[in-house]
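Below are the structure tokens for one structure; questions will follow.
Letters A, B, C and D name the chains as they come in the text, with residue numbers starting at 1 for each one.
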């Protein structure tokens, strides 16, 4: 296996795809991006085409509810829309190492270029540290002429935000995309940052729908958010417990 | 030397092995897996065929009781059973780096594929944070149809456990094995997580025996556990002492 | 993309350059080096010829004031002087990893050798921990015979300083340059180390002008220093906020 | 440049060397090994033949007393004895990363094998945490039959020491050497671990002299130890100061 391996269940090739758009929603602040991407994948019955494995993910295997173990991964899912195709990237983790963030973002943008993707949306949260009644959607684009359309869809731009830049996939993917001549739009839902935030996801979904034409009933977002929060809590508690023990034994 | 080097004392090749099964028991929670693997190796007089060295092990050389120094390693031992062969993997350490866990697990599964291994057992502990009177054996499998046989052998499955996933070799090896089409079974003995746990190892051994037909008198497990605990305590104390000093001098 | 990628907007080749001199001013103590390099780039209207991307930079994308996102980078700018050409290296970050400091310094010196650069100046700060009324400029050279000229330009040498060696690009670039037979001069302005320091930058600029003949009105140094300090404060606050949140969610 | 680069001032080749012995004395506990190696190099007027650079050293350039900057390095020096030749390895640092310890030790042993080295001595300290009136010399060997000769030279072996194994070059080099069929002897002078320890170095020198026939007047060991302690103190203070400042600015 290499640092990043894409393993196809269903082959993807440029000539079978119609002007594909890529939508990335990996774990991050408030899990907002992951929640929107998974919601769309399920509501639209997008099909999982490939698994991405990487040495840069945390070295934990994942146990499914049926006791089946698998490597942590990212998944690429395909939804064939009316006029064009959509590729979703979501998954268990982002890289656990600084360099891995670059390696993985580079791999995803190379894949996008190979498949003829013309635009990539990256979805994330924008942590404000307090509860937000009506979460807005902050945006950034990788080419100045994209800004107008994104504002028209309901997102806002703020010259000072996010002040620390955008960490991980949501920022690096549009950055790499610019180099390859692919349009990149980063959408970040305002969120407290403390919990999985389905309200912020609903705001983000609205903007993304206006931009892509992808429509999905938001009703089940809250239910999915609550599930995700429970799973996350278990994961965090389980890892802390096992790390305390590992410290003494492994390497 | 490469990141991982397998150095053979006795050559191993696919055509000399009869339907080999691989059993991994490296250091981990409660040292349960290592204890079971080493116990079987000694009781069955399995023969050490190869040493595995890696840049990802902690950079400590090991001193034997006779003052002979050697690199930290993992070892591959062979037991020729009546009908089939068994390859054990055990050793001083797991990787000291996140990426190294992937690199080493990948290397072991590649070796298994090269040698025609059809099933891999990984052995570990499942830390519960308190003493356990009658330790159970938690299992995970890398293919749903393996579950029934593993339950019949006395292990249990729990949809929520381990909540944090399985860290290191015990989880990643079955994960990689699935990709190569090799059956993978992870067995984890319940243990407090605070001490080397021969009682948990005895439970684990029983399940493993039921699954593999390998039989070993458990009598000396306690004695071996006590030895391992003493060696571990010395190692930890020695490393803490030398790290305190190193901090000032190296690098 | 490789570990380090140089992406040219305007091709640079040895035969188009007249005895080029390289001047590095990346972020560091008191931002003194970066301030001087950016000041010269703007005052002299040097042209940005290339962007340097690296997996070793922190994994943050940068948002411009217009909401346009880009990868963190270093930039190479060209100023065509009367008799010779000057290449400036400045940028958002130095490496975020120890090894990356070596990889990037090596890449810059290889570029210098390819382009026929005969001398490299690296600019930095020399932290003294207290405010300095009249900041001096401490120097180091990569060949003993360079010392006299550097002293004549107003810098001083001190056998014991900096006691901890020179960390990062300012030290490693002259070190690599020596191996390639390129002259290297490191100039470090005295600074408290707590704030972006335009006063120290003004001292450094004076010495650099004496050495290179490059002249720039220092008037706007203070204004640029204040801007840089504000941007830095926002960056640091934003990163701390987002890291607190990321900890829970990413990898 | 590669991860490890050996740059020759004076070419070394197997056919010009008479049964060469390698002696490694890099920084470590109590600087005992470095002190002995540097003392021998100066007393015997060994000649520096090569510099070793590595991306794994800490990213600090070193300033000589004359203001000349150079990359941190390790050096290989040659002493032509009456009957055979001696190659010394000493230098500024060991690796600053776990993996780098392996990479560098592997490189040194490969060099030894290329040059026909038949035996390697690694020199270090053995920290006991309290002042030692008459420091003994603890040894480890990489082949059981070497033990007798080492004991006859005045070193002792202790089945439990060092309990934490031997960290870094002093342990890994004999470990790699065993794999290449080169004899390896690790000698560790007892030392408190808190200060550069010329008394421990004198004990170590005595054992090494008995083993190699290399004789050097120990008189200047104390003076050299005091110099080294002063240099080390300045280095540590300088690095702490600059790291405090760097934290805010670099990466």
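Definition applied: contacts are C-beta pairs under 8 Å (C-beta built on N, C-alpha and C of every residue); 3 or more make two chains touch, one makes a residue touch a chain.
Just so it is clear, the structure is predicted and the values come from calculations on it, not from any experiment.
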Type of chain A:chain C copy interface by residue overlap (half), same or different: different
Of all other chains, the one whose Cα centre sits farthest from chain A: D
Size of the rotation, in steps of 5 degrees, that lays the CA trace of chain B over chain D: 90
Chain C and chain D: spacing of chain centres that average the CA atoms, whole Å: 35
Inter-centroid spacing, chain C versus chain B (mean Cα positions, whole Å): 50
Where chain D touches two or more other chains, by residue: 57-58, 96-97, 236
Topology of the chain contact graph, where touching chains are joined (line, ring, star, complete, other): ring
Touching pairs - complete list by chain label: A-B, A-C, B-D, C-D
Interface residues, chain B side, partner chain A - complex: 27-31, 57-58, 93-99, 101-103, 106, 125, 127, 129, 139-144, 147, 157-168, 170-172, 174-176, 178-179, 184, 186, 193-194, 232, 236
Interface residues, chain B side, partner chain D - complex: 1, 7, 53-63, 65-72, 96-97, 234-246, 248-251
